[in-house]
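Here the chain labels run A, B, C and D in written order, and each chain numbers its own residues starting at 1.
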Amino acid sequence: MTTTHPAVDLDRLRDRARELRRAVLEMIAAAGSGHPGGSLSAADIVAALFFHELRHDPHRPDWPDRDRFILSKGHAAPVLYAALAACGYFDAGLLRTLRRLGSPLQGHPSVRDLPPVEASTGSLGQGLSVGVGEALAGRLDGRDYRVFVMLGDGECDEGQVWEAAMSAAHYGLINLVAIVDANGFQLDGPTDEIMDLGRLEEKWTAFGWDAVTIDGHDMAQVVRALAVPRPDWGASRAAGGAARGAVAGGAMSGAAAEAAGGAARPRAIIARTVKGKGVSFMEGNNEFHGRAPTAEELQRALAELAAGGAAR
Amino acid sequence: MTTTHPAVDLDRLRDRARELRRAVLEMIAAAGSGHPGGSLSAADIVAALFFHELRHDPHRPDWPDRDRFILSKGHAAPVLYAALAACGYFDAGLLRTLRRLGSPLQGHPSVRDLPPVEASTGSLGQGLSVGVGEALAGRLDGRDYRVFVMLGDGECDEGQVWEAAMSAAHYGLINLVAIVDANGFQLDGPTDEIMDLGRLEEKWTAFGWDAVTIDGHDMAQVVRALAVPRPDWGASRAAGGAARGAVAGGAMSGAAAEAAGGAARPRAIIARTVKGKGVSFMEGNNEFHGRAPTAEELQRALAELAAGGAAR
Amino acid sequence: MTRPLGLATREAYGLALAELGRERPEIVVLDGDLSKSTMTKYFAKEFPDRFFNMGIAEANMVGVAAGLARCGKVPFVSSFAAFLMCKGFDQMRVSVAYAGLNVKFVGSHGGISIGEDGVSQQSVEDVALARALPGFAVFVPADEHATRAVVRAAADHPGPCYVRVGRPKAPVVYPDGCDFRVGRAIQLRDGGDVTLVANGLMVAAALDAAEALAREGVEARVLDMASVKPLDEDALEAAARETGGIVVAEEHLLAGGLGSAVAMSVARRRPVPMGFVGLDDTYAESGRPEELMAKYGLTAERIAEEARRVLALAR
Amino acid sequence: MTRPLGLATREAYGLALAELGRERPEIVVLDGDLSKSTMTKYFAKEFPDRFFNMGIAEANMVGVAAGLARCGKVPFVSSFAAFLMCKGFDQMRVSVAYAGLNVKFVGSHGGISIGEDGVSQQSVEDVALARALPGFAVFVPADEHATRAVVRAAADHPGPCYVRVGRPKAPVVYPDGCDFRVGRAIQLRDGGDVTLVANGLMVAAALDAAEALAREGVEARVLDMASVKPLDEDALEAAARETGGIVVAEEHLLAGGLGSAVAMSVARRRPVPMGFVGLDDTYAESGRPEELMAKYGLTAERIAEEARRVLALAR
């Protein structure tokens, strides 16, 4: 799989991810509540999206041709806010108002309060459906944007995710990408103890997706997996008609597409991650699923990050 | 796969299925509304269950050790009512009250109105969850009953089905059997046009089930597939503990169990069927998904059935 | 009086939707494998590219509609009222209402007049659920003409709506067309003794009740409250002041429906004795529509009875 | 008055549930990956074989509970109130309510006092939805003592129930224990000028309002309506007759909640001026619980204000 960006500075993206992690921790500590674990596990992927893969313009959050990013696991809002601020959608000072009365930075992402947010989430299971709708709209309007949706692994318990998955395959939404932040934990404990997801990649494949499993902290793998070609609806229309998706011209390349025999399938990325990634005492420690670090813990965490710590 | 019943009279079961079909048509025609298509496609399986595989006693509908049958695709109620009447749960005369004011034979099965009904259904997608609950209760109480749940293929669009599937695998419910009446149609048309189910068997396998595909009108195949061994919780407890299902002693045998490496997985039977089976002008004619035959159509249909017609 | 039967309101919906489709390219339609019953089939036939059958997966359908709306489409989303509201509720709450997106939900086969299919398909709680979605408008038209007006108003209304339509042919209440306005009661008959408020099929029943009462010398005002939300509180206050008693009738559970909305408004602004006709904490069952309406007390007779009870209290 | 803070009602629920688990082997508990928050964790720890974590799949959880109940178990089913009611509603409707099965649903983090997590986690419609399930009883206890009594009553009650508990520590209203009875209001204070009806956290606010009113010479009766359904219509009729005005306060949308139930009963039996304190067709937002209660008007002050308005009308 080749990316459309000739030269990717992976180190720059790694630095960006580290900055996101720092912002996440500071903002949650300032708020006194929030979800560090799942924000940190997602940071590398979010960095790769916002600072590399997404076509977007902070001055035009409603640009019709923008690539979309939906954070279906809405409790990881801090990492989204950190990315939006770093891109210049709003002043970074706003991050300190997270979860405060009147702040646009609601506890979970809110379209109503913060327009660059693509979907209101927080009740798990809903984001992929919204993504299907945005991807359908793109096809209907013949636009070449893509829609990226990030889900939690625990979130994949929700039946709505599989309804959405089935419908995306049915409508041949090659402009839709699902990213599962597979950090192995949900709220009450490890996913395989609470509700075993079994072979997750197989599930997505069986639901008609082009599924790959990657190391969600290996920036090269992340960047490669996210490089999903833009849809060429003209070609696909010519090849298949309107009601069902079809082959996307010659735009798809690489191993995954080959394996799929060039079929017009949406892409699922199972990103194996570490919950709390980047802070030694948060890694794999599900206590930090939903609690803020104390002042002392924050200092230790920031020091680790500054030192390059576990993040690299 | 061997059945626990040494000699199965397949011809008797085929006759029983034909009788169910006759009763279905008569009852729907009398009611003036109802769903013939999906009742007919399910008739062979329902016959094999009620007249062969199920351990049940019409005089004790609340027998705690009874095998359970849940008709999740509740609109096929007529075939269930026909089987219950034929088994002696109630007088066959009651069948003519189908859908009438005050009748226990509601348009969709109702526990409240007809106690031998195992679950109130009619809103698609719910029956397998109820089955998971009954199967869990069986394990909790150390009873050796089994729970059979019949779903429509269109019904598999519902996310709740996949939530239930995931949870059944998680809890190792070897006493649970899902039967998909895969007749290729849903209400608005063929399943692959309305919402493509893709490779359905693969989906169940990916969700942790021991899945097999059979011809749902080949009585020998049906009987063989339904012969799921009774759970031996003592053995499975010894082997695996309480919280998760484990190997069911030596009770499981045959190709499927072997392929599964003896794993403690619930059984899914994808039964390829013909919607409207047994009546030439209803077969594959989705007009009869949800409309009653006219008096003239009824006569033609009954004549076909009596002649052995398309049913064999 | 026997009013002539017109089209079913679902049929009128389907026709109005196809008509709107011709005028407004931004309208898209989603259905949950019931397009032959909800009558979105007319739109689907004419605009196959803008019609999406989402299969039997109502929750996903609602979310997909949210995504389409986020991209500027105006989705109309249909299924049976029971499945649409009861299975899509959390998605309406978070993906649509909280996000403030412009999605129109139209539930067909509302109420118990769907008949023989029985409880699982009968929607007796859809209005309560829709009212519990902040920002949603809620409309329940009485006949084909009202439906046409309501569907157009829904399309014009900036924001999410829920519209309930029914299965059986509906008595014609507006032979000359319906001047429906969002948030406005329609007075169908004037009277000074008592007010009958209703919507959906119960409007015709209320008119019949008013005629029966007139024969007893009681002049009943009749208000069609097709606009359940926003509610015409001024019309209600005037009715309370001028007639001194109000009866509300709906093909719905009493809990959370039109009656409860009217009761709160009247109690706050101008308390008068009230009566309520609807399902009192019960589901119905299978049966012919007319049989069910009679057995469960959704009739002109029950409305008239309640009116007499209210009149006795008011005196 | 500042009432001492006691346990959160969800905490009291968790403890009462574990206690019941010791007495009744037929009780099983299901949770949707929130046992650490709903406090079913106590039961889970003590009775791991009778506890089933169903993951983040509320619809399935409700159906599984129905199956367990069909086999004689008495399932208590918990999640956040918002997810439990909004995602499990159709399953409660068909698999539980229509089937008449004995399942107990306990939604935690009810209302907006959950605070910072924001709208998606705040349940402002759970009572409206639960009331729209025929045969369901609905209870909203005010403090830890009331919760203990309500949870035991729910276990004894033959049939499905919904109980709402809250996240924050709750002011103690019943220091000497609560004599809760299904279908019975609890009079916490007598008074002849106006009646304040409330449940959940709003009971303490109503008591505070009554004290403020007393300082103005107004004697307010205070009724704890922990039993929303069945509703104590006799107590309400007496209150209407004896005090001439009623204010209802709830941490919930006005649509379909306690206020609407009280309004219908009062309008039917003894119309008097009423006032309603609750969320008027709006979600809240993120913020500290006290800030939110103040900003959205769920306060003793607002209750007292409404009481004054009602008094002015009643005179």
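Here is the rule we go by: a contact is a pair of C-beta atoms (placed from the backbone, for glycine too) under 8 Å apart; a residue touches a chain by one contact, two chains touch by 3 or more.
Owing to the predicted nature of the structure, the values given are computational and were not obtained by experimental measurement.
Asker: If you average the Cα atoms per chain, which one ends up farthest from subunit C?
Answerer: Most remote chain from subunit C, centroid-wise, comes out as A.
Asker: Nearest whole angstrom, what separates the Cα centre of subunit C from the Cα centre of subunit D?
Answerer: 29
Asker: List the centre-to-centre spacing of subunit A and subunit C in whole Å, with centres computed as mean CA coordinates.
Answerer: Their C-alpha centroids are separated by 40 Å.
Asker: Round to the nearest whole Å and give the separation of the Cα centres of subunit A and subunit D.
Answerer: Roughly 37 Å separates the two chain centres.
Asker: Of all residues in subunit C, which are in touch with two or more distinct other chains?
Answerer: Each of 54-55, 57, 59-60, 82-83, 86-87, 90, 93-94, 98, 119-120 in subunit C touches at least two other chains.
Asker: Can you list every residue of subunit A that touches 2 or more other chains, as numbers and ranges?
Answerer: Only 110, 120-123, 125, 157-160, 163, 166-167, 170, 195 qualify.
Asker: Building nodes from the protein chains and edges from chain pairs that touch, which of line, ring, star, complete or other describes the result?
Answerer: Its topology is that of a complete graph.
Asker: Name, in rising order, each residue of subunit B that touches subunit D in their complex.
Answerer: That would be residues 64, 110-112, 118-123, 125-138, 140-141, 159-160, 163-164, 166-167, 170-171, 242-243 of subunit B.
Asker: Which of the residues in subunit B end up touching subunit C in this complex?
Answerer: 31-34, 74, 99-103, 106-108, 110, 113, 120-125, 154-155, 157-159, 186-188, 194-195
Asker: Which residues of subunit C touch subunit D once you look at their complex with the stated criterion?
Answerer: Answer in residue numbers: 82-83, 86-87, 89-90, 93-94, 97-98, 119-120, 124-125, 128-129, 131-135, 229, 253-256, 259-261, 263-264, 266-268, 271-276, 279, 281-283.
Asker: List the residues on subunit C that touch subunit B in their complex, please.
Answerer: For this pair, the touching residues of subunit C are 31, 33-37, 53-57, 59-60, 82-83, 86-87, 116-121, 285-288, 291-292, 295.
Asker: Give every residue of subunit B touching subunit A within the complex, in rising order.
Answerer: Residues 157-163, 166-167, 169-170, 195-199, 202-203, 205-208.
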